[in-house]
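Two complexes, one shared chain (subunit A), two partners (subunit B, subunit C).
Moving on, here comes the complex of A and B:
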């Protein structure tokens, strides 16, 4: 159905509502818990599944082509910087995978204003922020000459 | 909520307004701050930039990286590759510009914490193919969003921008945008000196192969609603190559990617009888496109063409031969993690159908068409090129400025620049932002002048569907059928059916012709008229309604461009049955369109293609 929410686990915190790129996780007014209001606009992107602090959200594959009995569960642990997957096939076979998700602490990115400000004459050049150094090449930013571009069929 | 009941108008003033916080928008936001230290930089996004855009669920590869530091590729090489893949027609000035900068973006991603895989022997980034490097990219978007948040003065999440605003004192100059908060319903008026459109391309304009619950499992994200095109089109920006829709060969139903399978795992395809089939269609393809079939690598559309023909000849399904490669445990892990990193739905499909590629060769299919500007396709706005070398016909001011003053674009928005993918889109955002800062600095003290009349008129139009529903709902007992209004899903399904049947979707095997296209335009015109009678039950449906408006305008553009180009340039993406051959004599050119919002008319023209000729 793509995503669905287990009644006994959801506490209505709304993290899924906040993160869903498709705006389809909403809070049900009667039960005060989240549910998928528009399964046919769900990409199975798992953004809500990963964001749920209660592990209350799961996915049941699209009914038009996914037979029942499967499961693809995920645990995203920011502190450990890993993501762990457990796949269960319809026939019961299982596969497990773990991958890293980040090599630096969360929040550690240096903002662009923390670098020295560019000089006024840098606006007339083609280099972008941190260039040419960040290209890690000698000879500076590559460029074409105007006469290299010609009309024709190649 | 009634038409004006309790709604606030929120004014946001910005020097630079970035519309759409995906990869291109995050790049634009970051770079705007680097160059514009004292400027007010606002990024507006209809979802939440932490997980928005096409990279929301992650990526397992960065498909555009030169590797200049190791002498792997030079920018010219990438231009030749993209030109070849798009059958000769790309904006080489723009493509070169992205290629020369893209490595610095990728190096920043790594510094920020994106895990990039390394070749244990050389210590270099692990190559999936000539242009692709492999990453553990589950958090690619959260990492890039963190950089953008540190750069922005303000990030406005959950605001759907529906229209751009034009300056009331200066013709053909942008002055801001309007939209609504999908949570509170508040009306937002953005006044900006420069606007960068970095919104998404278009899924769901052609009917998907899955029309039930699985309609959401499109190849491109269902939230990519063509705003990249509709926003500039509405204000008269010229568009290019909108006929160049893309059809993807992908694993069946989940649309899981095949790049790593072909390039890294060395799997290959065969027909339902276990035979190689591509070479069988060599003569057929050569008769359509001449020696373009002899180029290497074989253009994406032509490989599609062979698959489509083989299936139509009754020898499907096409399968990917995975059983050999997957005996290697490392390759098996890569094969699965590839999906879990970017197309989880494919893993769900395989788990549900007991497809273990170690034991079963999985089926492939060709998708419904999509319109976007960053993959193996290049629809989008006609933009000014780089100052240092772009030919005069491609250069009218600031880099990546469209044909509307102060209106810049990046990512799916900009046409002619295929194969930029995530890293190139981010990079193009950076390029556009530096130019936009320059534009703002050059403006000096002049302020954008928005017309109150214009945004109040738009406010009425934007919220009208809520009123239509409130009034019309009282006429009927219950249910979804009303004589007075259509719901957004009704309109979407009509659009998808028109595009599918008349403009070259899956049900006609991607075939269309002039007669069909003209009939399609008539039906689209009626759909546009019906859009005045849309009903929205709540703010979510109001968002869907405006996404549908954007999709319809993008579709109309696609149809006009397809009609204008009287040839079949990309067999395998679509066919003009009345002009089945590639015609370099008449059509080695770009197609340009301009929409007049006052008359609703489209003006078409050709523009020359400049190539790097050494």
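Moving on, here comes the complex of A and C:
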């Protein structure tokens, strides 16, 4: 179900260009609005649909299973940490879904660039970058003591 | 320099009637270009089709009083305060450019038609406003061009890469920048003033003459689209978007506090 852009809604902010994992959302050279340059390469991840602050991106279903006339619309509410879906079928039926998408407030997770760059010796360690601090586990990483292991295994 | 009417100084070499005719031609070019744009792209037909569809599809009817109130809100929030922008930086840049353009164009017209020669002394405030308007356009426009433009910010292209979408902003910045340089050189009695005046006229003609190919007409159709959006929210269609979520009332699972982070 490739995405398409309502040109009157889009203000050309570029959020969809930034987030698209297939790099197929581009800015039109004449109108400076977003558009999907390669709809058949869209993997329907809905990243751009959810990220668009103007709700300007919609999804068009393939005609074999979602005949023309249907509509899939998404509303992401950052303050509530929810995502709502409204599906309207061609025969007029409608389905609405609401899902929580976060357990922490929006913007509370630090991005990779906000952490200090790893030191060269960190690359030789077993832990990933900023572990174990980044795991927020008091007392370090959990590990089995020798007396907890089966006799004869070690 | 800031209280000197540059058009009065020009009247020695160009008759005021010629300047006034040029301004009128520019107004006609904008009106004709916008009409051509509307007919050629079918934007008016799209707008009214959408309007009709949205009106009949909504669970509620929007009355005349409510429609007036929505139009006023659109005018105050979406047009006068550029409320549709989601990015504060883009909004500030747009406000600077928009109000700068309005001040610049109005003061230009008043000076050309009201005070075209040194015989009718220009009040000092008019050239001052003309300069302020021009500098506001430059500030907002160059900020947008070099730092905010999505081709540079999101697509990572060079700020000097030019494409058809840049016709409006480049001709606007060219016209205003060259106009300010011309006015500055004129007060210094520099011989270069005539060269910059010629370039200023070329850039201004491109700005107002390229309406069908540039995004100049957005100042007419953007408010219409903003009003249609407000009406769709008022009559319940919400452009088919889902309504605001009423749950969850707090973050995390409804049964337990989050403990996995």
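Some points to look at:
What we mean here is this: the second predicted complex is superposed on the first by the 100 of 154 C-alpha atoms of A that agree within 3 Å, B and C clash if a C-alpha of one lies under 4 Å from a C-alpha of the other, contacts with A are read in each partner's own complex, and residues count from 1 in each chain.
Here is the rule we go by: contacts are C-beta pairs under 8 Å (C-beta built on N, C-alpha and C of every residue); 3 or more make two chains touch, one makes a residue touch a chain.
Predicted, not measured: the structure shown is a model, and the values here were computed from it.
Contacts of A:100 after superposition: both subunit B and subunit C are touched.
Comparing subunit C and subunit B on the residues of subunit A they touch gives the larger count to B. When both complexes are overlaid on chain A, the residue A:12 reaches subunit C alone and has no touch with subunit B. Legend: residue contacts after superposition of the two complexes on their common chain; A:126 is shown touching subunit B, with no touch to subunit C.
Look at A:71: by the touch rule set out above, it reaches both subunit B and subunit C.
Judged by the touch definition given at the top, the superposed model places A:46 against subunit B, while subunit C stays out of reach. Of the two partner chains, neither subunit B nor subunit C is touched by A:35. Applying the stated touch rule to the two superposed structures, the overlap between the subunit B and subunit C interfaces on subunit A comprises residues 18, 26, 71, 74, 85, 88, 100, 102-105, 136. Taken together, the subunit B residues at the contact with subunit A in this complex read 30-31, 33-35, 37, 46-48, 50-53, 56-57, 68-69, 74-76, 83, 88, 92-93, 96, 100-101, 103-104, 107-108, 112-115, 136, 138-139, 143, 146-147, 150-151, 158, 182, 210-218, 221-223, 253, 333, 336-337, 340-341, 344-345, 347-354, 356, 386-391, 427, 430-431, 434, 437-438, 441, 540, 543, 584, 588, 608-614.
On subunit C, the positions that touch subunit A within their shared complex are 46, 84-87, 90, 150-151, 153-155, 163-165, 215, 221, 225, 228-229, 239-248, 251-253, 258, 260-261. By the touch criterion stated above, subunit A contacts subunit B in their complex at residues 1-2, 18-24, 26, 37-47, 59, 61-72, 74, 76, 83, 85, 87-91, 93, 95, 97, 99-113, 115, 117-118, 123, 126, 128-132, 134-137, 141-146, 148-154.
If you check the complex, the residues on subunit A that touch subunit C are 8-9, 11-15, 17-18, 26-32, 53-55, 71, 73-75, 77, 80-82, 84-86, 88, 96, 98, 100, 102-105, 136.
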